[in-house]
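Next come two complexes built around chain A: one with chain B, the other with chain C.
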Partner chain A sequence: MLKYILKRILQFIPVFIGVTVILFALTNIVPGDPIKLIAGEKSLAPEVELQLRAANHLIKVDDQGLPIFDENGNTIPESTVAQYGYYISDLLHGDLGESYQKKVPVLDIFKDKYPYTIRLAAVAIVIEIIVGIGAGMISAIKRYSFWDVLVTLSTSILVAMPAFWLGMLLQLFFGIKLKEWTGGGFYMPMSGAGGAVSEFQSWMHYILPAITLASVSTAYAARIMRSQLLETLNMDYIRTAIAKGLNSRQVILKHALKNALIPVVTYIGIDFGSMLSGAILTETVFNWPGIGYEIYRAITMRDWPVVMGGVTLVVVVVLVISLIVDISYAFLDPRIRYGNKKEN
Partner chain B sequence: MALLKKGEKTAESQELGSAESYSGHLLEVDNLKMHFHTKDGIVKAVDGVSYTLDRGETLGIVGESGSGKSVTAMTIMGLIKMPPGKIEGGDVRYKGKSILNLPEEKMRKLRGNDIAMIFQDPMSSLNPVYKIGDQVGEGLRIHKGYSKKEAKEAAIKLLDLVGIPNPSVRVNEYPHQFSGGMRQRVMIAMALACNPDIIIADEPTTALDVTIQAQILELMVEMQEKNGNAIIMITHDLGVVANMADKIMVMYAGAPVEYGSAEEIFYESHHPYTWGLIQSIPEQKMDEKKRLTPIKGNPPSLVDVPKGCSFSPRCPYAQAVCFDKRPEALYVGEGHYCTCHFALDNDFANKFRPKSSRSGDTEFATGEQEHVEGRA
Partner chain C sequence: MTTNSQQSQALVWEKERAAAANNAHGADNNPQLNKDAEKHSGPSRTLWGDAWNRLKQNKLAIIAACWIVFIVLVALTCDLWAPQLLGSPIEISSADTAKLSLLPPSLEHPFGTDLLGRDVLVRIIYGTRVSLAVGILATAISTAIGLVMGALAAYYGGWLDMIIMRLADIFLAFPYILFVIAMLAVIGPGFQNVFIAIGILGWPSIARVFRSAILSVQENDYISAARALGASDVRIIARHIFPNAVASIVVYATMSIGGAILTESALSFIGMGVTPPTPSWGQMINDGRAYLANAPWIMLAPGFAILSTVLSFTLLGDGLRDALDVKLKDA
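What follows is the complex of A and B.
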């Protein structure tokens, strides 16, 4: 097992290199001088511009970090490979650069924003696990009943409904209309996580965005759960369990569920990874101060250090989550025991 | 068996009748009819099956695929989904009491505890995500109230009993770590766990190698001698029950065609279908190449069984009456009946009955090895 984990972590290296190369290439291909982006509307004094170019490794510098000039007195552009080298070296030192627009270290931006994304993802995944697995189970156990039809129908609708539109509808009903109907007595907060007075109130802010974020994947989770459980209930070992004298609750909860959960756990695990990568649509609709919204802002503003830093962070998170998902298989399915091939 | 003192049963099973309260047979199946209502019509999977079973006895139920052997067993266990299944008549009595209409809760107390079942495919009949020990001991936990620890200890003893080496280690392993034969031993251990009165084995050796088949059959006989349970052995291979069954029922198209003691079926059979089955057992002659004699044709669709004798389209001796009239069960001897119009015609039987010995009269299927050596 330990060997397997180590192997998987070593596999991170090529993925990491690949991602950084692509990111670096993309930001270099996109037209536009980074120094102009940093400067924004203002015009820079030549000395300042020179200094900035040197600091951003755009021109060759000497040991003191001063620009080197050729015989004509011009600066020498740094090669792309060397630029990539500086970028990686900074990255490994935990330096993601500085935002062009915000003039603060990228790492600080994400330190500030990431907790909101994580908490939102956590609430959403709890909804997905409870509602998705629960609805899927009810639907499978009470097959062809009213509840089954309800679940199948509502999951179809949720899958077809764009998340941002669902978010807007929720805001309209639970934020605006409910407030009107109850005379302002009860309503759901519909934007941002700030401005909360109490702990409870701050958690209330998570409900609508989390439902929006979880909606589509909850529907998928319910569908996977339903079909897996139905398939498992047809297995021979289920017949064995019934023939042993177990009641239907024991048969379903003990013998069928664990087998049926394996693909569902895969799906939810991967989904959690993508939620942690920030939900651009949900965060935008709810004006949520998470990383999805921040990356979206950075892309539109061509704030490359933020884009690169954010994507790198997201890649690392997704890699780690997928490793955790793979390890969790081993606990659900004894046929998967990484590393030891003891079979006969 | 050693794990449980004789007569140690739960209160619920005593309610169903202890040894004193019934005088007849352990299990009586009386004209049982199980039909399936499907889109294509009514499938008469079991259409009038009767037999009795006593303690320590082995009944072999033999027939082709789709002859209703398994459905009979599943009906007894209450494992048929209803609908589409529907009991159209008849009764199943365990210790003198009908169990067909028992409420599900009482039926559960019976399953695994009084009547246990061994299934055909040991590869898929064990739950892949639970330890062998949990699965073997599970019956004891639900029926006898064993603690987790007690159940595990009992499972180790059971695994040892069915000949699994190193049981205290194997008990913690998972099904995928066992070979097919070992898994079937596990299934047997599981069936034996609660010391049931009846073990129904549904083609327990079909999925196994020939050499392993013999071991499993031997094990079942050995366990029966130790525990005195009755066995219903369902198979499509007469050879399998040749040396172990006391009584044999030959089934065709959902109904018995011949029923009698093993001797009677093998040496004094009266039904052409039984003859066909006997002829299709490979003989163990080394020096002589002989073709097997198959029964030509296919079994009828159970939606549309022929009007007369269900075997008539395939029967080489069929007369006009066979296509017209459904034969009654005719007793050719005490407890030996045959559903053929010519069952009582001894000349007919003597003329066409194949001269056949039981397959592997010496011991179980050891012939396979000799056969290989003979060729070499």
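What follows is the complex of A and C.
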């Protein structure tokens, strides 16, 4: 078991390095000179510019953080490898850079937003588990029935539909057309600021965004559940169970479901990771004050450090969660622990 | 959201395929396919001929194919008739703007008009160009990269396989939509950059599909036979492996056109996609956000356009999968 965890963590390291190299490369080829972007329209005094270049590790500095000059009095550009070293060290210290517009650290911006994203993801995952697994089971047990066709058809439609459009349809129908019935609680008013905190106390505000966020993944969860259960029901041990006289309810609940659930739960676990990464589209449609909306806001303001910092944060969260999902799987399913040995 | 969709699509697909293979000798086989097999024991004996005969039986796939042909024709010919009937999709004179702004659907403007008085229908018609072009070009790029990577990994194996597959893992570790956004933040929005970004970042899924397709073909005895007869690597790949793996590529590419169209609409929706005033469906939905209560028609029609187009590519891909599936055919 310990061996498996260690191996999984060792596999995680190259992926982490690869991901950070890509992010570093992207951050450092953002068009134009980063110092000019920080300055905006203003022209900087040469001393200030030098200081900024030194602080951003663009040129070589001495122990005191002062720029080093070559014999001609020019600054020496820092090597890319050293820049990557600084980038990783900053990243591990939680330093994601500073917003051009707000002049505050990127991490501080996202810290306030994370609770909203987590709460929304939690509601969405509950919907996904109940509806996804339930629909998939009904569909598999009553294969080729009306319900099966309904589930297959509606999952196909959900997957082909832009989730942000679904969100707007829900707003239009429940928030505006049915305003009298629902008391207007479902309608998110358009507000550029992302809504004041107090507006989001009511539980009703969670329903539509959570349904929107869960829609596509619920459809996939239902499909995976269906095909897994169908596959399991074809196994010999199920035939044996039926042959020895168990009724079908017992066979499905006690024998088939346990095995069929494993891939579905894995999918849902990884999906929870990507939901925590802030659903940029859902949060944008509902002006939900989470990290996805903050990234969207930064895009519209062309505030690239916030965009890149947000993406970096999210990618790290997703990586760590998929690692946790994998490891917890080894606890639950012995086949994963032992099965990997055969492969290698 | 879109993040995991490509991976899970592949997962579902593999599972369904495995389930179908398991069922092949059982009583629970797909009755549709059994029927088809009996019906078409006659004329066509080629892979594509058989596939076409099967596809013809699948009504949903045929409807989807017709819809795709229809929008391709619309995209190619719209310059000739759309502006004359419905006005310019991009700009209308300021005098008309006041008169035509936010009109509800009527005979003259079947889907209504937007804030600037432009006809929603004509903008949807022109939007087909962006959606189809991005979908096809992005898929072409990701398929080309994915094929080369997948073939190298599967055929040569060893360290090359490991490096390529670890690289694919790294790409797949990113939430897809955010990866595309980060890339566009670097290279800038715009039509060309959108399909390049979607294409370049989409290769790992197709590389995986192609790799596993080759690996399963490679285990066949006829490959060993060809090798024993002294056939070169290139000849084996071109004459024996590729024809047998091409079915899965066609199916996957068809589905990923739909995926690319969805991604483009999402990018345009958040303002990272095609730059205005070029009409794009996602951007039109974003235009409609501010007028959701007063003029919902602005966002309704483009949403249906995306839904029907993406659904058509998915259904056609499903149909092709059933029609072309080599394993099913052998069973």
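Here, the second predicted complex is superposed on the first by the 287 of 344 C-alpha atoms of A that agree within 3 Å, B and C clash if a C-alpha of one lies under 4 Å from a C-alpha of the other, contacts with A are read in each partner's own complex, and residues count from 1 in each chain.
Throughout what follows, a residue touches a chain if its C-beta (ideal position, glycine included) is under 8 Å from a C-beta of that chain, and two chains touch if they have at least 3 such contacts.
As the structure is a prediction and not an experimental result, all values here were calculated from the model.
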{"item": "Which superposed partner A:239 touches (first chain B, second chain C, both, neither)", "value": "first"}
{"item": "Between chain B and chain C, more extensive residue contact with chain A", "value": "C"}
{"item": "Contacts of A:250 with chain B and chain C, given as first, second, both or neither", "value": "first"}
{"item": "Partner chain(s) touched by A:138 [first = chain B, second = chain C, both, neither]", "value": "neither"}
{"item": "Chain A positions touched by chain B in one structure and by chain C in the second", "value": "none"}
{"item": "Contact set on chain A toward chain B in their complex", "value": "235-237, 239-247, 250, 254-255, 258-259, 332-335, 342-344"}
{"item": "Of all residues in chain A, those that touch chain C in their complex", "value": "14-15, 18-19, 22-23, 26, 29-31, 143, 156-157, 159-165, 168-169, 171-172, 176, 190, 213, 216-217, 220, 223-224, 227-228, 230-231, 234, 263, 267, 270-271, 274, 277, 279-282, 284-285, 295-296, 299-300, 304, 307-308, 311, 314-315, 318-319, 322"}
{"item": "Residues on chain B engaged by chain A in the complex (per definition of touch)", "value": "77, 79, 105, 108-113, 116-117, 119, 121, 124-131, 138-139, 142-143, 174, 176-179, 187, 190"}
{"item": "Of all residues in chain C, those that touch chain A in their complex", "value": "1-5, 8-9, 11-12, 15-16, 18-19, 22-23, 26, 28, 166-167, 169-170, 173-175, 177-179, 181-183, 185-188, 258, 262, 265-266, 269-272, 282, 285, 288-290, 292-293, 296, 299, 303, 306-307, 310-311, 314-315"}
